[in-house]
Amino acid sequence: MAGSSFGNIFRMTTWGESHGKGIGAVVDGCPAGLVLNEEIIQSYLDRRKPGQTKYSTPRKEEDKVEILSGVFEGRTTGTPISMAIYNKSQQSKDYSSIAECYRPGHADYTFDQKYGFRDYRGGGRSSGRETAGRVAAGAVAEEILKELGINVLAYTKSICGITIDENLASHENIAKSPLFMPDLNASAMAEEAILKRMKEKDSAGGIIECIVTGMKAGAGEPVFEKLDANIAKAVMSIGAVKGVEIGAGFAAADSSGSANNDCFYNDGTGIVKKTNNAGGILGGISDGSDIIIRAAIKPTPSIPGLQHTVNKEGHNTDIETKGRHDPVIVPRAVVVVETMVAATIIDMLMVSMTSRLDLMKLFFSL
Amino acid sequence: MAGSSFGNIFRMTTWGESHGKGIGAVVDGCPAGLVLNEEIIQSYLDRRKPGQTKYSTPRKEEDKVEILSGVFEGRTTGTPISMAIYNKSQQSKDYSSIAECYRPGHADYTFDQKYGFRDYRGGGRSSGRETAGRVAAGAVAEEILKELGINVLAYTKSICGITIDENLASHENIAKSPLFMPDLNASAMAEEAILKRMKEKDSAGGIIECIVTGMKAGAGEPVFEKLDANIAKAVMSIGAVKGVEIGAGFAAADSSGSANNDCFYNDGTGIVKKTNNAGGILGGISDGSDIIIRAAIKPTPSIPGLQHTVNKEGHNTDIETKGRHDPVIVPRAVVVVETMVAATIIDMLMVSMTSRLDLMKLFFSL
Amino acid sequence: MAGSSFGNIFRMTTWGESHGKGIGAVVDGCPAGLVLNEEIIQSYLDRRKPGQTKYSTPRKEEDKVEILSGVFEGRTTGTPISMAIYNKSQQSKDYSSIAECYRPGHADYTFDQKYGFRDYRGGGRSSGRETAGRVAAGAVAEEILKELGINVLAYTKSICGITIDENLASHENIAKSPLFMPDLNASAMAEEAILKRMKEKDSAGGIIECIVTGMKAGAGEPVFEKLDANIAKAVMSIGAVKGVEIGAGFAAADSSGSANNDCFYNDGTGIVKKTNNAGGILGGISDGSDIIIRAAIKPTPSIPGLQHTVNKEGHNTDIETKGRHDPVIVPRAVVVVETMVAATIIDMLMVSMTSRLDLMKLFFSL
Amino acid sequence: MAGSSFGNIFRMTTWGESHGKGIGAVVDGCPAGLVLNEEIIQSYLDRRKPGQTKYSTPRKEEDKVEILSGVFEGRTTGTPISMAIYNKSQQSKDYSSIAECYRPGHADYTFDQKYGFRDYRGGGRSSGRETAGRVAAGAVAEEILKELGINVLAYTKSICGITIDENLASHENIAKSPLFMPDLNASAMAEEAILKRMKEKDSAGGIIECIVTGMKAGAGEPVFEKLDANIAKAVMSIGAVKGVEIGAGFAAADSSGSANNDCFYNDGTGIVKKTNNAGGILGGISDGSDIIIRAAIKPTPSIPGLQHTVNKEGHNTDIETKGRHDPVIVPRAVVVVETMVAATIIDMLMVSMTSRLDLMKLFFSL
């Protein structure tokens, strides 16, 4: 099925395998007139580039993006923006074990069941490398949002169970932390915890938080196309994500109505909420507060050492996952979550433009 | 925007407001030949019918479904199945407070911001009553799945923080518990906890779990249309849901690769997994294990007593939520989660039929 | 498949069979604030109502529409508008011949091949009665267009090869002609031609033309979602349509570039075209001239007298089509073409709102 | 809007401008296991390659396709197939006239109205060169169809009003004619007619016919997603097409029911039709006869010599269209029509796989 596209009006289509010729994306539905060039896209891609710290795979990929269409004289033309990242570091290594055996926690087995065979090199299409296309495309979304005064910011909330202290967190710290954790104490502790896992030939997971600021009330649709429903899909579609929550999230399940309800009040400038347990969304529609999303990232399934599994013939065997793997993928996934949220938000804003006849009439009389 | 439809091949479109003429759904894309009648649909609707226990709104709605098209001589014809539930119990009560003021935790404010005005009677389109249409439509999905040997089962996992003991839980207990909690001890404790909340003029939330059994490996798409991504959207699109997780979910974030990976082995009958932290989905594709989903339900926002809020003019005021409200909506939401999951699964199965050329050739030679 | 929906942002979903409980439509994506009531919708439906002249089936259906949702205090709320037309005149006639044999020119055979069985009563879902749902839904589209200063007007261009003289045609004449032919001489001649066909136990076809006035330049998308491509789909999806053309249409194939090109010029008020062979669309995008569409309607396949055919068992046999049939369906199809074009235009206008970043910024700053 | 994608399950997304870095397509939803390589795609592209005869633009583009993803060891993997055709022959010519003035019959004016500015070089996205991406993608569709025993064949039916004699036409002649006209007498006459137009500094149009053989009955959906409706959209979305008809097409409008109805009979091998005025589609669903489509192609709007027009400032002026242009685009459009029809057919076949519960059950038990 045509499952490689995301979005209704702003739509990205991604392609590419880990060890094929490249990875890429086509962004369709970007409005004309946005300033765009390869440097802008590259700045997003660099945040997920491998080989930057000892906590990420040493695979050296420049992840250099090339814009092939849709931009003319420095601005988008409204036609599809095709972007390609050619693979440089495909090692001619021995893939026989991964070709024959199913790695636990990976999609090798399910791909074979679905398609009958697979491009096994480096995980093929199910490699984390697939997210490079999303980030390139989502970067365009985030650039449009900035023009509308909306900012999307993601960071690491916790790793190995070590969670940031909101009181010690700051925006500036995100870039200072090699783990993109805005509380530098927590970041240092998490680094130690990861190193310990690495020594134990094991891996770690964590939680990413994403905040959208500058949203007006009124975006999102009331039933199936709720803003939070689409965000949940966007975030859950990222490889290692096993859970998504909005605002108070799972904690709301144990709360009470009186504690969980966010009272409205007028602070003199307009209608605001005293608390934000709703995470900025009521009835699927933005309420003007910050939108708050959290994603649970599972520990990297590729771990050194032997694991039990079966081979393609269905025989029990052991597999030793070799290759260049991240002991924790949370930091590199931060920009993936951020750009997928951005892509969702801009698409929902676009479809929300037809909610009111009076505004439509105004628009078409411009 | 056209946000009232869900699904690609199996698609439901719902309509209706809480206190309008009725609620309904059109199911398009149901295969021809399924045994269907109003009794079958009704048995699902009865599970979310109000007024059955003291923990649900005393509003007396029969929620009697009528099939208007798409069924001939007791079987579906492959054409759209239109179903209507006419509202009977619209009270001609005074809606002036809800018309003028924004209830905390409800979508009154966001609807007004989005549409300029709203049908305020009983919450209009954002009422929980909207889910009746989903259940009628999702019931059709669940009936198809049964024909394919796939069962979807949801139940209450926890209420007020009281969680079932998996060892004491059984399928039979679900129907015995007025809260649809399969551990009757936990159910009794949860009943007490709800009664306490009611006395405190407060409300409760909880967690619903849903298990899909009988799935073969290979359903779901690898990138944006992952099976878990679509389930997340389906479940998060239900009114009060604030979080969704698959398998180990948020707990996976704190786990390690060695503990979280599910090893494959051959048990003599075929390839299975020793554990199921993945919740039956690897790389967005079903792996043949049970699919496990959990949804966090927020406490009912409608609570007795005064709450601070603002009115339509933006002035600070107080509102007393009157009307007939559930102190906890978790039990009535169980069948909503179940049928939304069913609708997602059947749609993903349908789109997965074209994954392999050899199977397509076989199909078209039948 | 979910084939009963049309449109992206403004989307209609229709349901119902000729002799079931009713016919209906759900309109999703209508902006809030449009004045709407049953009288408005009825005025469109009355134009396709049977039994008005001797050239249409004598079946007496009031085709009384009921609005079930989405309208509050006389205005649309932005939520789905559900409309139902309950069937009144289902005759308990003998359907054994149509149940067993395949009528030439009808979809009986193809339905059986596709679905395995069918609701044969009066043609079931493939009856021309299906278009009542479209007209109800498309009427909403046309009402929105009027608010934007855009008018859609369809009429009969030719019947039995008798074509209107453009010089003698006028808008006023459309309503005066029982065939909705704006040249009353041609209309009278066509009436005679139809009566002759009726005497010969035969039927007639014709051509419907549709003009859209008031369109600004800039609506429609450049590649697959061209305005003319979507109009072609919309019109060709109407039961008996066998051809669609835009502007000069098939005549353009025999023309030359110098004759067919429409030169631009400035008439003092703005940029216009000297001719309109393009039919108001260049490169899939409206050019500000009138949009001109023509649809070829085949002669009614239901004709009195014996025809050769096969039965369900595949044996050769004869069938005598009984029942109440139109000798020509062109006049009743006029409003169907008109409202389908309207539905296409409003949807394309809606998706075109995001073409330019500067206008989007302006919109979101309103 | 995301208007550069076509299809539901088999979906192509195209990108690229005439004089940018390249043109390309992503095919999503191709089943795994299809033999595919660049030579296969190239054989389709070569049929629309410029510079092959004196009747096409002398622009020398190799149109060499490169497959970037989705194929492994000579077979499709089921994941997106990304294809790129890098532009080689972008002349650094003077585009000032086309940049400033609106060419009659082209999309320059409508693009500026829609997007505010445009990539004017060689027509940018609205160049006929855009169709190279479609052909590459549609070639994949046609290859799948061949595996299912279905063949799609297009050819030139008429040019300059010179139409083939069906009795003299043969499949072999198509390749022998430089105009892809299967009647070589007509082809020779058409060549002369084109040469005459070229001498007159004028251009020609024509009609393309496309035949689909090997279709079983049952593909296509009954209401909006009719097979003919989707074909009409697919074909009308090709740049210069101004009309589409199925089977008898516009001639049916002047016919009578008795003449136009195709009687069914059993010829000993199964149910067939005595005639095929329906063009292989009844009620939107394939009836097992050949599917017959015709498309009207307008004369090339780029003609040598001065034409009146306006410039960007809205002032009246003259423009002389320079550059390398086809005096007739019909022959090069033949493969475009063919591959767009193929893409439509495979997509409709795919969505038709869920029509019957019994077949679905059989499929999932395989």
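The first chain written gets the first letter, and so on, giving A, B, C and D; residue counts start at 1 in each chain.
In the analysis below, a residue touches a chain if its C-beta (ideal position, glycine included) is under 8 Å from a C-beta of that chain, and two chains touch if they have at least 3 such contacts.
This is a predicted model, so every value here is computed, not measured.
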Measuring between Cα centroids, what's the chain most distant from subunit C?
A
Where the centres are mean C-alpha positions, what is the separation of subunit B from subunit D, in Å?
44
Take the average of all CA coordinates in subunit C, do the same for subunit D, and state the distance between these two points in whole angstrom.
26
What parts of subunit D, by residue number, touch at least two of the other chains?
1, 3-5, 8-10, 14, 29, 32-33, 78-79, 114-116, 125, 216, 222, 351, 354-356, 358
Which of line, ring, star, complete or other matches the graph of chains that touch?
complete
So in the complex, which bits of subunit A are touching subunit B?
1, 3-6, 8, 14, 102, 104-107, 109-111, 113-116, 125-126, 130, 158, 160-161, 197, 200-207, 216-226, 228-237, 239, 242-266, 270-271, 274, 277-279, 282-288, 296-303, 307-310, 314-316, 351-352, 354-356, 358
Complex interface listing, subunit B residues touching subunit C:
1-5, 7-11, 13-17, 20-24, 26, 28-29, 32-33, 66, 68-70, 72, 75, 77-82, 84, 114-119, 124-125
Give every residue of subunit C touching subunit A within the complex, in rising order.
8-10, 29, 31-34, 76, 78-79, 144, 147-148, 216, 222, 349-351, 353-364, 366
